[in-house]
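A, B, C, D and E are the chain letters, set down in written order, and residue numbers restart from 1 in every chain.
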């Protein structure tokens, strides 16, 4: 309610709810290279908590949020949160970390809403019957397929004959590239001419850029993020990659919006912004977004990115579900009761309407647009933003992504 | 490289017996201690496992005087050994998983050990590091090992069984998660005790002495007829086996194995530091070092913003004030405290010593910078 | 005799917490050659290292050329004019024989007033002709005796006023021993003083004017070497049967 | 498929020189002080962060390059800024040596490892405190590439890379000259070999060690500055992988050999860059495989002189 | 019998060992002394014989009793040092090599344990072998090291370290013992003691000893046979009396012109 800037509804006022604040824990990357994403998630979660508390809390209970660096210790962090008596936990960013955590979450039974942690097969195959573990972020197929659609939209299916990829060399990057490949081949019949995987956090990608230059693909796909995204753009420009290709599509390039510069975004570069782009619908028409942007600007001096919404949305998903549960039960719910409500739960954020599917992952609109520069915000912006509905870019819950794409 | 002589062994037997009993008592009481204090049971458990690996590493470090920067390779191999059995072969017996872990680690240690045994000093250190990283790179790239996402150590969603003991506790009314963790913990303690005893026997045997000889002067060792490479190989393998046991248990504790926490070379460094922190010249020091360093690395972030620095400062303090590591310095520390109890005036001297040494190091630094910047002496 | 060049009084040195010399008194006059003779472990090396500031001094004083050395930073001691050949070889490996000779000139040459570096180096090679064709060999590849010569040569290159030699004859072939003996006699004539340690008394009378006998960290006797070496009690001591 | 090979090789040379600059500092500190400085990577990161502040400030004073002349001025300013950033590391290194490292030279080297690891952790947080937790970018890469070198050489290649190679060559030349030709350099080497005997011929070892550590810090910082004015940015954990790669480089080359460090760096750089585009999955493993192979064939590295005997 | 056949070793331009053929142990318990100027190639020869260096050319051969009275040749040129120890070939070092952090007793113990093939034993304690301890005690007594038996080797004075090095070699019960300047730096009395001990052992156990020595007095009184090396070659071989009679030898070795 307060979270989207609506007027509040006070039906939980006389429910039987304890006084003490809700103890919540968030693990995210608070420092180093991945902090580009992690801090946004932290800002998002903090903003949501601030707004909830200003509005009187969840059924009258304020939220106390502890933030900890996720590092490589995801299970350990979750355990510690549970040992400390947290009522709910959020995070992490890392997909592998999230995958490792799920069974632990199921064992411990304290609800965790992952901010990010996208692994395609996670809820599709590995844990189709999860109870306590959720993910606010969309099904990760979304962003790769949004990139496919965007490429087709920009160049037209007929003019895409070849494509290439430069993706970070770990599970996420490999999955994204595989999804993009099957999608683009399905839609355009294009042929892959090069696919390179620089190390995550690489200090040089020129080898891959050089290869791209040599093969002159029509489209280049890159799921590089954070410092990798910046590095890719810098070296792409320096080595004249945009003379050799017509289009670069990258689902998470915009995650580095605040770390790019005017000359880096120059060129046929399109980026996704997952389920949230702050200026879509435009801040001039949609006040919740306008309020949010100005709040984030004054509080953190950045423009919010999709990962901001990951943090914001994860907290909101849980808080609105808890509030709904109090509504229904007339008392503070148990973990399994909140979990039950979160399944199929729908709620609003300034990004619009979201649902958590029966498969425990989020479904919402995907955004994609052309990278541009804004002196006003001193950050990258997206222009000509396309919005893809969940049903166009994600398989319905219960369907395995590969099968779904094959059926296109 | 000169290693200090075994200071802990200068303790009178009675004191040592008391310490051993005390240590065992604390170990056995950890689950209860963790319940009544804010100490984290899981973290201590993890610390003990890394400590166990560090005991193995210390076998090389203390006796053959070889610094390994790649010890986590065996820890990781052990962990992955268990995970592969669980994921692909649906093995649900904890003991079989552990056996698989040991087997896998032994195989890798045999190969790596054979190739590194002839090398010395930093060459040895970096070769072990290199093998470690090659292994890491291999696992990260391999879809069989599910690359960076890692493998689960469960069959479906079920935890491995621990000889049915966990079930016994569950039927006695304990929560299954807790039951599993308790049984696993006491299994760890039992294994730890056995490993420590075995190590003790090993290092006090003629073979242990031969390893010392190799560590102190390889050339001489060769010329009194010790087949140096072969013995280093054997010691290396034994130390790898310890790592494998620890890794296997870690897999059972964590129930999910990912490459970074169990195979990345920096973790090797951490295992090395655990051994040094606890006391290279002692048998169980590495275990103490393991618990403390793991605790700092995992949990300091929950309490302070500058948690790296906190860990760093603790380590600095050990370097300067406990020159033989935590356990290694206990005898000296004990004697010093005893002296101070008799003569409290000494404490003031201590304070003065610390103050002057700090002042001196500041002065040194300032002078140095002054010389550097202004070129005056 | 005027003031001695080196005056060690009541010197007590500690190594690793143990007192290894107890109240050593010894003097070396200008242009005098003095030996410190004693069994293995008697404390010869420790005394020398104390003089060079390498072994901590627990008590006593060391005066050189009228100046107290005990408070001096150890790197200043060679600059005052003491050249030291340690017991082990302690050469600068990875560098050539010639570089080993030049190094002390670079570090202390100014303080010693050396202006013709090359001449000094050639002087040293003239003494140890065996080294001439190993001039550019890296010192770790030298034979035992060649290494010893290089170590002595390095001490000489400093053009010291006092040359401290710790068992210089060990491992040298007889012909080199003879050369070195005559060289020592020669430099004494040039008013350079020499202090040598020997665990073997046999060569001592030929080299030095005076000798001290050291036993268990204490000076037990001193005097004319010819007399002392004949002295039965001293012989007994040297052979380990004494006190 | 292989038509880009020359470019990859060229990239490898550039990457090799980056590695060399980082490894050079590590190898001289290790060679002389006998301390394997695990905090070396943090000093490198420190250089990158300082470069962000100093170069960022300096380039704020000159106009963005528009023509060849302004580009050259811009380039000169950036280089001077990087040098200044590295120079900040001199007192930092000297202070670390004098305050922390000096008291433990006589200790077992494992304690030196522990100490430098502690310094690594502390330095990380110092940087977090001063510059924040997030990556920073100097943002002069584009401007540097505006310098018209590519026209001179007639190939389409980022100017920055050419600058790095040139600077790397200068650094290498200077180091070789310093250690092989100058008296001070040879005194430093002598001190490295036998600290006690160096004292006994009049060397102030304290001063030499401080100098060398400061030098090591300088080159680490310079490496960091060079990287961050390039496409890289400054972030907290940036020092870790260069640290490990520096180890690899100096071991492949052979300890204590600067030539070895250069050859090792170029070998690692070129191999990595040539292999990566074709076999991405080997990128991480290449340097280590290379090292294993080299050491199994030549246990002392390519130019190593370390013997076990005597 | 231990035999060097046409051994050659070059270091760059330098021929440190140049076509050296020698036999040691032609008689039982023979004491051979190798003398020569510094840098003549003495240590290099011993290194070649014991496997610290491999020759560029030539071979090292031991003649072993095969039980029924006849001898068999066994070439050991490429054999690892520790295997040569098994074959009875033991050495000491010109620059002392002992186990620095062990006590004198422990040093000797390791040597004796190794000699008895016990070093792979993990079931007993290292000091749990009576026979070994007795041998160690004997060695301590023999080399007059009892007083420092429990001192750590690296705190020993130089001379005692030298003695320890030699004592360890004896602990290995060698057939051929190669000693590189065992008496250098040892004080007068101990010097004689060391050489006396070597002589006794060589007599009693028929150990063939090959000793590098610069002290001609010792050589004269103990040598059964003399080998003079000069510039890498065998310059003279024969009776120690050569030292008195051979003018050219005296010039090269002692620097006396007659």
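One rule holds in what follows: a contact is a pair of C-beta atoms (placed from the backbone, for glycine too) under 8 Å apart; a residue touches a chain by one contact, two chains touch by 3 or more.
Since this is a predicted model, take the numbers as computed values, not measurements.
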Statement: Neighbours of chain D that also touch chain A are B
Message: Hop distance check: chain A to chain E, minimum number of steps through touching chains?
response: 2
Furthest chain, CA centroid comparison against chain E: A
- prompt: For which pair of chains is the number of C-beta contacts greatest?
  reply: B-D
- prompt: Can you name the chain that lies farthest from chain C, using the mean of each chain's Cα atoms as its centre?
  reply: A
Message: Please tell me the distance, in whole Å, between the geometric centres of chain B and chain E computed from their C-alpha atoms.
response: 43
Message: Based only on mean CA positions, could you tell me how far chain A sits from chain B in angstrom?
response: 38
Message: Between chain D and chain E, what distance separates the C-alpha centroids? Give it in angstrom.
response: 49
Message: I'd like to verify one number: the distance from the centre of chain A to the centre of chain C, where each centre is the average of its C-alpha atoms, in whole angstrom.
response: 77
- line: Each of the following residues of chain E touches two or more other chains, namely 52, 95
Statement: chain B touches at least 2 other chains through residues 2-3, 140-141, 219
Statement: Flagged in chain C as touching 2+ other chains are none
- prompt: Along chain E, where are the residues that touch chain C in the complex?
  reply: 11, 35-40, 42-44, 94-95, 144, 155-160, 180-181, 184-191, 214, 216, 252-255
Message: Which stretch or stretches of chain C touch chain E in the complex?
response: 15-16, 18, 38-42, 45, 87-89, 130, 134, 141-146, 148-149, 167, 170-179, 199-202, 238-241
Field: Parts of chain B lying in touch with chain D, wherever the complex brings them together
entry: 1-4, 61, 67, 115, 118-123, 126-127, 129-131, 133-134, 136-138, 140-141, 218-219, 265-266, 269, 272-273, 276-277, 280, 306-309, 311-313, 315-316, 318-320, 323, 361-362, 364-365, 367-369, 371-373
- prompt: In the complex formed with chain D, which residues of chain A make contact?
  reply: 30-33, 35-36, 39, 169, 194-199, 201-204, 206-208, 210-211, 213-214, 226-227, 230-231, 234-235, 237-240, 259, 261, 263-264
Statement: Interface with chain D, chain C side, in the complex: residues 52-54, 73-79, 84, 86, 90-95, 99, 103-104, 106-108, 111, 140, 154, 158
